[in-house]
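What follows is chain A paired twice: with chain B in the first complex and chain C in the second.
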Partner chain A sequence: MLHCGSPLRQTFLLGLAGALLLAVGACGPSEPKGAAAPPDMRRLTDRQYHNAVADLFGSDIEIGGRTDPLVRTDGLLAVGARTARITPAGLEQYSVIAKSIAAQVTHKSRREALISCKPATLDAPDDVCAESYYKQVGKLLYRRPLREPEWQNAVKSAHDMAVASKDFYRGIATGLANMLVTPQFLFVIDDTEPDPANAGQQRLTAYAKAARLSFFLWDTTPTPELIAAAERGDLHKPGALSNIVDEMIASPRFEEGTRAFFSDFLGLEKFETLEKDSLIYKAFSNVVANDAQEELLRMITDHVISQDKDYRDLFTTRKTFLTGSLARIYRVRVERPDGAWVPHEYGPDDARAGILTTIGFNAVASHPGRSSPTLRGKAIRESLLCQHVPDPPGDVDFSLFEDPNSPNKTARQRLTAHATAPACAGCHKITDPIGLALENFDGIGKYRVDENGEKIDTSGDLDGVAYKDPQGLGRAMHENPATPACVVRRVWSYAAGRAPTNAQKELTAYLDKAFISDGYKFVSLVRRIAKSDALYAVAPPQNGVAADRRPLRTVEVQEN
Partner chain B sequence: MPAYDNPSRCKLLRGLAVAGSLAVAMLPAAGHAAERLGFVVREFYLAQHNSRFGDECPEGMAASNDELWWRGLSKQDRARLTNNGLRGQDARGGIAMLRGPKGENVCVNPDAVTDPPLRVVRGKYSYGANLDGTSDGKATPKTCAHEKFLSHDGKTAVDNQLYRLVGCVYGWRKGGYIETQASEDRGVSNLGMILIEISGVDNRRNDDDVTVSFYRSIDQFAMDGFGKPLPFHSYRVDTDDNGKPTYGDKVKGRIVDGVLTTARGDVSLPYYGLYTFMNPVIKEFGLTLEIPTDEKLGKGQITGYYNMSDFLNFVSGMAGHTSATDNCPSMWAKAPSLADGYPDPKTGQCTMLSSAFDIGVYPAFVVLPTDAPSGKAAKR
Partner chain C sequence: MSILLPKALPRRAALRGMLGGTAISVALPFLDCTLNNSGTALAAGGQALPVRFGTWYWGMGHTPGHAIKEKRQTEKGIEFLAECTSLMRHKEDLNFFGNFGMPLDGRANYTHFSGWVANRTGSAPNHANDVPAPTMDLLIADRIGNETRFKTIDVSASGIARENYSARNGDSRGAAEISPVALYARLFGADFVDPNTRDFKPDPTIMVEKSALSAVMEDTRSYMKTIGAADKARLDEYFTSLRQVENQLALQLEAPAPAEACLVPPRPEEPSADRLSRAREMPEVMANQRILAQILAMAVACNQTNVFNMVFTDNFASVRRTGETYTHHLLTHTEVVDTKLGYQPLTFWFQKACSDGWAEYLDVFKGIKEGSGTLLDNCLIFASSETNYAKLHTIDGVPTYLAGKAGGRIKAGYHVVGGGDPITRIGFTAMRAMGVPLEKWGTKSLQTSKLITDILA
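Here is the complex of A and B:
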């Protein structure tokens, strides 16, 4: 069980575990058996929905409206998708969007390219043509061949509408819109089948494997080629699966998948609602917000994919990408101030190094009118170290912190006064020292050396490792064993759609060890997970993880 | 025999001196490298002493083109030409200018009419500098006789004949339509934007040897939600087909207690407003500038001799928009008698007007064609 005051213990235990793993690393890790999870279904994220529609019908299809938000669970929206349901209002929204998509697909400007068959006449049904179309498009929408009732329903809907409207394509649009609101499209369903190699056991179908792989690596629906590979049974052959994973990772589309993971991992959806007080932060704008989010993603994908560097170096790297809007807040010259992205490298004496010193990280983990060491510390603990920080009590008294007449000029002084309350002290102790290290960055991430005329003290320690400035915090993050362990758990959770449980301790230990032996390379971690048996293993609900479904938190690994 | 009379020896010594200078120039500065401080000019206005009651204009304000045109019309013509009085001053500038005896445009042909003499500044005080070095404005080989102003502390004789010319013209007075509109025009375009860069700065507060360069920007102002420039934006300089800055004049300068003062030299500056461009060379240009700390506006003043023809052509060029606030023919007629600098060698008529401009700058990054990609970019 995680206690607010236990990070030191967590770190020690993680460090011990890491050292042990390193010691045996030379033997080469091998994947443990077992630890299967029961089949599941996960709702498409908004981005996956958009990507799937763009892939199937073209990126020029307009998709308006928003769907029910996902609830972040065990650190990821992707895990929240497992328990996501669709409300009546949400279904209505899906329906409106589906009708709009279907109308665009069947519009005369697109139908020739997107609908493979041609009707005998335009003003009457053509069931043969409709059946052919729905079987072809349905396989891509449902990520498997349609079952007979599924295509029959679509053909009937199209037939009835074509008769009523005397318009074949209106009929086709009706059937297509209906398919776009079915669970088979809106949810990624883990279809299973008997495992011929293990009597009495189930396994994911090849189509379900294809879907899992595609949403994990590319954040979109499987391509026709991947579905064809599933159809051939290639995804059940280890060698063929390995080749497919390698090809998918080598594809430029892997960057999209990586961006999707890190967007979820870092909680970048907060940018959608990011507001700043324009009187205080005149340099901040929607353009800056968009660019700040993009900077994080460019910085990360360049580091972990293009450069294939140690994941932990993300906390110390001096390389990034900037636009003119960001550069003026960072106070650096860029040769293209017109909105173009340019690479940039900070000097060794610069306060900026690593993702924690970016505008994006600091602006999101701040209040609209001021910075927040607590929010920043919480973000680091929860998102980057996979540690749980309890919510503040409901009756917390912020008056000492927010008093405009307070003699306490810096956030450190105000927090010290506030956190003396016993109910607050425990949690502030684990968030604030980290967050205070970033106080050189104001509420939009602009560098400052003082607050209200008083010099800012950025010293502190992370789980026993002392530092004196933001760069030092980055180095402490780099060396903290919870840093790589956290990303391992999150990548697994993202791929599987559920957090590892206590029944999967051996698996996570194996992945931790493998990550170390792979030089903390993110791509290697993804590749290993995508090729693992565990990702596709299925357990009946009464067995496997059902024995211990408690999520496996970083600290719990060590304490059990 | 003087030591340096031997040509070959001189050549050798010169070569050694150049090599030595280069070597010294290439040495890294002790502590840290000299930095470049860039600024974008947002405010550029004539430096004018406009008293609350216009005491500097005892004859009153100068008549505008519209006023003179209106005076000369019959009641019937006023109704006919202004849609029975519904067409206001701003909308009738194009017609009002055609008031020559044969319908000539009086801003294109200022000699076509003889307007009442322009009312000019008669006040005692002005902003500016003592450009001719005299205390009484008497003629010198480089200047024509003129009346001096006094600085506001009464200690210095000041030359500012451009102010004398336009200081009683409504449109040109402080806050008047012409400069206000021109400033707005520059704010929403990338035209006429001046960049200043101080290079070779070892110490931002005190440095007795810096170089100050002037450029035109090709990027628009980056503004905040309140219409003010955002500090520390990067602006690229305009270049010609060969990649060289189209402006780029340099003068030496020194910084004392955070205030830059340049040596005098000839400097070209872009200017734009009211759909009209002006690219004058300011002779004997000098700049004083309080170097802004952090993100604040830095105030400064430019002084020097402004080309009279360039200025009058600018006045004529924008006249369709300013007919209600100034009058070309009277300005053309008056300016030569006020011009005080750079006499024409043949006629002796001075061709330039002493002048002073108040400027406001924001810290910025000036991006030169020679700047390395951002990987090696500067930071402030």
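Here is the complex of A and C:
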């Protein structure tokens, strides 16, 4: 057993990551003073909106509608939320949703449980009751106590509507619906205040810190307890903050936060529009698609949270969870074919090991009617290694290589022919060797050994590390220094709402080293970022874009 | 002069017929109407009918040499070839624009993206998510969309909500409505007031709702004074969006102007799980568009919006044909050209389906009688793609149509030859016809101040 501080372990780790680690201390590299970012305003993701409403009013509140989509930026939708706007159609949708939520909350079947005060009469205003309700619910919606004009406006709205409609609860619903469409609710706003420890500088308010933590770790709005901690000033005290982070990570809610991160990291929103041709893939259905997405998330959360294992082992682990519908495609027997989830472990001779060999990964990175080594390679490079794959040239023409009379039977043969075109070769060298290793999995991730009667060759190399099959690719991913560096970069971006900039090179180097010294444990990485000073450091608002705000690229792909 | 309300039964019957899949024109009860001095149709009562603007989008352009016969100079009469035969029935409703250029001034051609962005915004994008200026429908909506319940309505027939080609900028692209049920609920649900209702009574609680919203927002505006410049712009857009919500409430307080062509369409049925799983198979896209178009067109006729956008297939044409391994987009790159036919046969099947879809869409607007003509006559619909020849991603000569006569402001039936002029001349002319006070439009080599006078009435 190697312990964190043992010289042997340090040597082992140094061996893994080479020169990157020369400056690593024992277990605890210290956090550098990083460049602070200006305060932000991040639009709630749909998931955060749903989670917040469910937490505040119950998971049985129905939320329909469709809000403006976020733009994936620097690899994450969470970063796109920082620049996302709200269109007229988007706000109209928020308004319709808000009215529906408010009507459900104030419905006679729920009002007793959800509205703490009782009006003197049902058909007239009751300002005292309304004030108490709005102050209570508003603090949770806005993630801070309401300013006086905020609750006063809500009370006046409720009063006027109760008079007009002769219905106290309709009045309450009006004020609540208005709160749900304000920027204070729809955006997570970095409120700042003067920093008493650094004259002339600003810091995030304790409430803003609570919101940042809560959306990072739980993907939802702060609980009343967390807001109370902010109110006490605990989030400004390093020891107390550390304890709060530990408690939040120990909470079952942390799994939801981890799911949210990996959903964004892996681009799982693609499942929403995933379609497979029903004639070509008869075994595929919406049930399979839903289960395939869930399998990925169960596999990941079990590995990084429940088992607390090395993040890189996600590419080699043989442990997963299956349902009957997935088991039929995987061709394995499960004891509960009725839709229930059961743990499953593949044997050493099985072709499946790690997330790259799942139905979910392979089905999403494929065409509707066939596999795609190029899409799979691109997904690995861009999502999992944080590398940029250039767009194809404008006049790309595959037809010579797709000729039905061509002798090319396998994807490798077709792509080899295609990659002889100089304009195409550069990018395909980046993507195809990786994707071809997964050709044992067809367009829905079903195992196969040949294509059109020809044996599939899955050999290749990833940045100089050779392999002969999908498991070998998983091991190469495990050993590739870009694999942990990428997840570090993405977790930081997810937490901060922006990719690290050139001015934060020292910070990312520190996090890279710390991740290694923490044994590549995802939870430790999250914990370290949540406790870091850098996450909460703020600079004055900017009126322009400074040069050092360019996103920092961790690894550039060499184009030959 | 009395305003005669339409007889409901025949119109509803006609509508059901169209929703059933066959677009039909029927003789509707004649309504008193006349023309004003500039030829604009007037409704009964003498008020001018609104002129509306729409866009229609399809991915992958046309097959050169097999869609529209090329011409050397602008002239009346479009010659529709095999890919576009279904459009022949609209030859007097359409203008086709060919051989216009799309100079990018050295910027990259972001495939399947630069084409629609430049054509609709007048500026070439600087990166693959960049929408450097508002799309023309929004500039027009700023002009004619402020007095209707919805400033714009965005709809997609192929089931991908995020593929919407109406945007203020790259961070402000709304979601298109993809569900007929949801679209119906939004347009004709509880907040819809039939413009032909005889006993309109404003709901007094709406006024309370509106003033409450205004008060909250006034306070919010003052609270958020200290944010940075970039976020200020985002908040400004938020408040602009909010004004639209307030406007919706304000409109509910006024008796709506009668709309002679307005008839509430039948409520669509929830699609089956099987249909949803085939949402991007071309026959399903066609069927979905028929239903969505009926709801959308009637929303236009009922004065719920003056600006409407339909995406038939997205810019990466992710539509499929049952049993084919590739999507329409991928076929354009992978399918071998049949040397005898001179085109890619499977790809051609999709291309033809797009033209059929365009023709069917126009059928719906043409099938609604309004004033002395049809709803289509009182609309201007800009239809375009993002490439000319998708196999090679060419963007010069991106096929573009204008359909309808914009209430008499536009002449139709012309094949306009651009001679390499920037394609922005089409959008510029459309915006001017819709009353947008522009002296010029576009940036760099795409900038133009030249109207296409051949089609102006």
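Things to note:
The criterion applied here is as follows: the second predicted complex is superposed on the first by the 517 of 560 C-alpha atoms of A that agree within 3 Å, B and C clash if a C-alpha of one lies under 4 Å from a C-alpha of the other, contacts with A are read in each partner's own complex, and residues count from 1 in each chain.
Going forward, contacts are C-beta pairs under 8 Å (C-beta built on N, C-alpha and C of every residue); 3 or more make two chains touch, one makes a residue touch a chain.
What you see is a predicted model, and the numbers here were worked out from it, not measured in a lab.
When both complexes are overlaid on chain A, the residue A:Gln136 reaches neither chain B nor chain C. Once chain A of one complex is fitted onto chain A of the other, the partner contacts of A:Arg333 are limited to chain B, with no touch recorded for chain C. Looking at the shared chain after the overlay, A:Ala283 reaches chain B, while chain C stays out of its contact range. In the superposition on chain A, A:Leu322 makes contact with chain B only, not with chain C. When the shared chain is aligned, chain B comes close enough to touch A:Gly347, but chain C does not.
Touched residues of chain A, counted separately for chain B and chain C, are more numerous for C.
According to the touch criterion, the shared surface of chain A, contacted by chain B in one complex and chain C in the other, consists of residues 278, 285. Of all residues in chain A, those touching chain B in their complex are 278, 282-283, 285, 322, 324-325, 327-338, 342-347, 350. Touching chain C in their complex are the following residues of chain A: 38-41, 64-69, 71, 73, 80, 83-93, 95-96, 147, 149-150, 153-154, 156-157, 160-161, 164-165, 170, 174-175, 178-179, 181-184, 189, 273, 275, 277-280, 285-286, 367-370, 391-392, 394-399, 401-404, 443, 541-544. By the touch rule above, chain C contacts chain A in their complex via residues 108-111, 128-129, 150-154, 159-162, 168-175, 177, 182, 186, 204-205, 207-209, 211-213, 215-217, 219-220, 223-224, 226-231, 234-235, 237-238, 240-242, 244-245, 248, 273, 276-280, 318, 320, 322-327, 330, 333-337, 344, 391-394. Residues of chain B touching chain A in their complex: 38, 219, 222, 224-226, 228, 230-236, 365-367, 371-380.
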